[in-house]
Amino acid sequence: MKLHHIIEAQQFNSSTLLYIFDTAFEMEHVVAHGGTVEFQKRIMATLFYEPSTRTRFSFETAMHRLGGRVISTENAGEFSSVAKGETLEDTVQILNGYADVIVIRHYEVGAAKRASAISKAPIINAGDGAGQHPTQALLDLYTIRKEIGAIDGLKIAMVGDLAQGRTVRSLTYLLSKYQDIKIYFVAPTLLKMKEDILEHLRERNIWYTEETDLDKVLPEVDVVYQTRIQKERFGDRIADYEKCRGVYVIDRHTLSLMKEKSIIMHPLPRLDEISMEVDSDPRAAYFRQAQNGLYVRMALLSAVFS
Amino acid sequence: MKLHHIIEAQQFNSSTLLYIFDTAFEMEHVVAHGGTVEFQKRIMATLFYEPSTRTRFSFETAMHRLGGRVISTENAGEFSSVAKGETLEDTVQILNGYADVIVIRHYEVGAAKRASAISKAPIINAGDGAGQHPTQALLDLYTIRKEIGAIDGLKIAMVGDLAQGRTVRSLTYLLSKYQDIKIYFVAPTLLKMKEDILEHLRERNIWYTEETDLDKVLPEVDVVYQTRIQKERFGDRIADYEKCRGVYVIDRHTLSLMKEKSIIMHPLPRLDEISMEVDSDPRAAYFRQAQNGLYVRMALLSAVFS
Amino acid sequence: MKLHHIIEAQQFNSSTLLYIFDTAFEMEHVVAHGGTVEFQKRIMATLFYEPSTRTRFSFETAMHRLGGRVISTENAGEFSSVAKGETLEDTVQILNGYADVIVIRHYEVGAAKRASAISKAPIINAGDGAGQHPTQALLDLYTIRKEIGAIDGLKIAMVGDLAQGRTVRSLTYLLSKYQDIKIYFVAPTLLKMKEDILEHLRERNIWYTEETDLDKVLPEVDVVYQTRIQKERFGDRIADYEKCRGVYVIDRHTLSLMKEKSIIMHPLPRLDEISMEVDSDPRAAYFRQAQNGLYVRMALLSAVFS
């Protein structure tokens, strides 16, 4: 299977998803053997208009484990040409002369799509503002599948900042393609999941409920997907931030209410919304989840090159 | 042929230029086949005292396509040692212990030359302030040769900021080594080509003219070399900047006056001095020109290593 | 011999030191032949919380000469996750999923040790604030051994900022493991070697003396280890800085008093505490010393991987 631009979670159908997950699983073995040199003649450009060292490291490691080369900037906003007023389109056009794939992180919604409209080289969206971050959604789904065994029939609690977190929005969208999904949205009133996503679920007849009491939900679910209350999104509404923060903390008490075969996920970074005492519990899946990002990104790069 | 330091356009004679262009042409085939591993044991250091991501990416891609390795900084001005007062000479001396070639970008005229005076490893000047940017001049010449077929007999219009653009100055210098060249300098009065270059042309009996009307020149020339009016060079003379900007814009009207076999070049980035509607015309050569930078830099690195 | 975390100079015993020095010596030959591809499947992460381009370049060159790959950040303090409040421990945990070795530079004493407490991947301390910089101490010792022929019996003058320079502290510590060492501490009263190190020497019966007159010491010693008076450590005590700076300058006069078979070392960068006229004297060992950093770091990486 051949992929080209990777822009948004919605572009993947079930068979593409299956292919990506199978390839990601193969990549686990490739990494266990130290990587491959299959793509040693390929160059990946990481064009980041805002720093995100973790995402950049994940993509760059993926490229290196595939044997490829990397050219990299984390300050493309200070890209001398951009500072002088160059458009994203011109920058991407020029990178087409250098690189075989371009990974873009941008602060503007729709930036990756604009780039893909004029780029012959495949564009991979590594996050565009409050828009999409499709590779994060794919690694989340891959993690669920690997840890729980299947996605059909899943019961998942999404917890925390559901109004502003793009991760939970994209993941909900992808989950709506599967069977018998039950979603428990657990959020402070100020940070409830937005109506457009709920509407989408109703249209697709996906079961969901909105809760404020996490403890009530914990014994039911296979996955607790915790998120960070993002201070930077509250601006000067400090009081609102303080009200929301610390409402849902995963700790030993949480673990005691969860099923034995369940897992805790988190897109990271975490602050205190997951207590460090949880890290040693086998249900703490968030570092494995970050690791899965490597395999999924290797699978995507591999599909883009093949 | 063996090159060592690459500091200024003037250092190249006709036979060296021919050799570089032939090698660059070979490099087009090397890249078409995904690159070579010939120089896999070589390390290039990019020591940039001011950011220029495009130039850096071009050199780094060149090195990767040759199979080599790269160590890279774009903030050498904040190089901890420089911040502590280390001289350029000491920094270069130490890099001699690490790298096989050092690509320097600096804000001071003459910096690359100073570096070359004490460096055993070859120094490549990637731009030193208002001074030289020899690899840009070489890729410009390579583009003309490839697109027009020959340099002897060329008629070229240089347009825009001729007073302050180092690109047009270096290119004029190189062109003066060829036969039957005709140069049309088209600039606002404030931004006319400086006397030292005109003097040089007169000494060499090169035909040139100074114009303010671009339309009059367009039907004559093989190459329109457009440049950006560089706001940053006007300081607080905003009125002067606004007066000069927008005087010469390449658009559909321009194209209608140009010869069928002519081309438009631009060192990029462009703002609005070339309208985006021009991009799809086959005479729009500026993105191919940027691409040629890769081949020329591969040729230079290869000549430096061989 | 297998090394894992490399955190502080104290962790090495004589046989480990001997092994590292022998391997570093082999690495000189490896580099002379352009490097090896032995570790082509290994990835090194350079996680620098403060910029130190020289140290970063030294490690990255070492990794490239061993055939390995590098993922790199020099602004980990602005690491998006760190800015959002992520702990060093979480960052390192995630990097464990990507890299085979993690080189950390941090502004806090003890940071590397904290990282090593939770990291399965080997941690190499590339400087933690006023704490340790063990690879610098090792390359210093390697240089002495190589230039002088042996460490036992060494007479060394440590000059300049002995109070605040971590280099001389670590080197003194390592020297105390050898036989018949004589150390001459030459410093302005304000910058004398601290009591804890002197105490350590007395306990181990190492001969030392404290001097203020450099000239008196010069004819005695095999090594003059000059250091920079670090302006940044004086804060607003400018008068104190000016009083200390320029007290000890290595110049032609210094050379005339030194033994023919002695050497001058400096951890670099230097300002004016070593005059440039000294550079061409064969006893000027500081650039060779910087070069030795490459071999020693290759030896350490190699020992960590094997």
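Note that the chains are named A, B and C in the order they appear, and that numbering of residues resets to 1 at the start of each chain.
The working rule: a residue touches a chain if its C-beta (ideal position, glycine included) is under 8 Å from a C-beta of that chain, and two chains touch if they have at least 3 such contacts.
Only a predicted model underlies this, so the values are computations on that prediction, with no experimental measurement involved.
Engineer: Working from the CA atoms, figure out how many degrees chain B turns to land on chain C, in steps of 5.
Structural biologist: 120
Engineer: Between copies chain A and chain B, are the contact residues mostly the same numbers or mostly different, with half as the line?
Structural biologist: Interface between chain A and chain B is built from largely different residues.
Engineer: With centres defined as the mean C-alpha position, give me the chain A-chain B separation in Å.
Structural biologist: From the centre of chain A to the centre of chain B is 41 Å.
Engineer: At least two other chains touched by the same residue of chain B: list those residues.
Structural biologist: Not one residue in chain B touches at least two other chains.
Engineer: Using the touch rule from the top, collect the residues of chain B that touch chain C in their complex.
Structural biologist: Within the complex, chain B contacts chain C at residues 40-43, 45, 69, 71, 73, 75-76, 78-82, 84-86, 90-91, 93-99.
Engineer: Which residues of chain C touch chain B in their complex?
Structural biologist: Of all residues in chain C, those touching chain B are 34-35, 37, 50-54, 56-58, 60-61, 64-65, 74, 228, 230-232, 268-271, 287, 290-291, 293-294.
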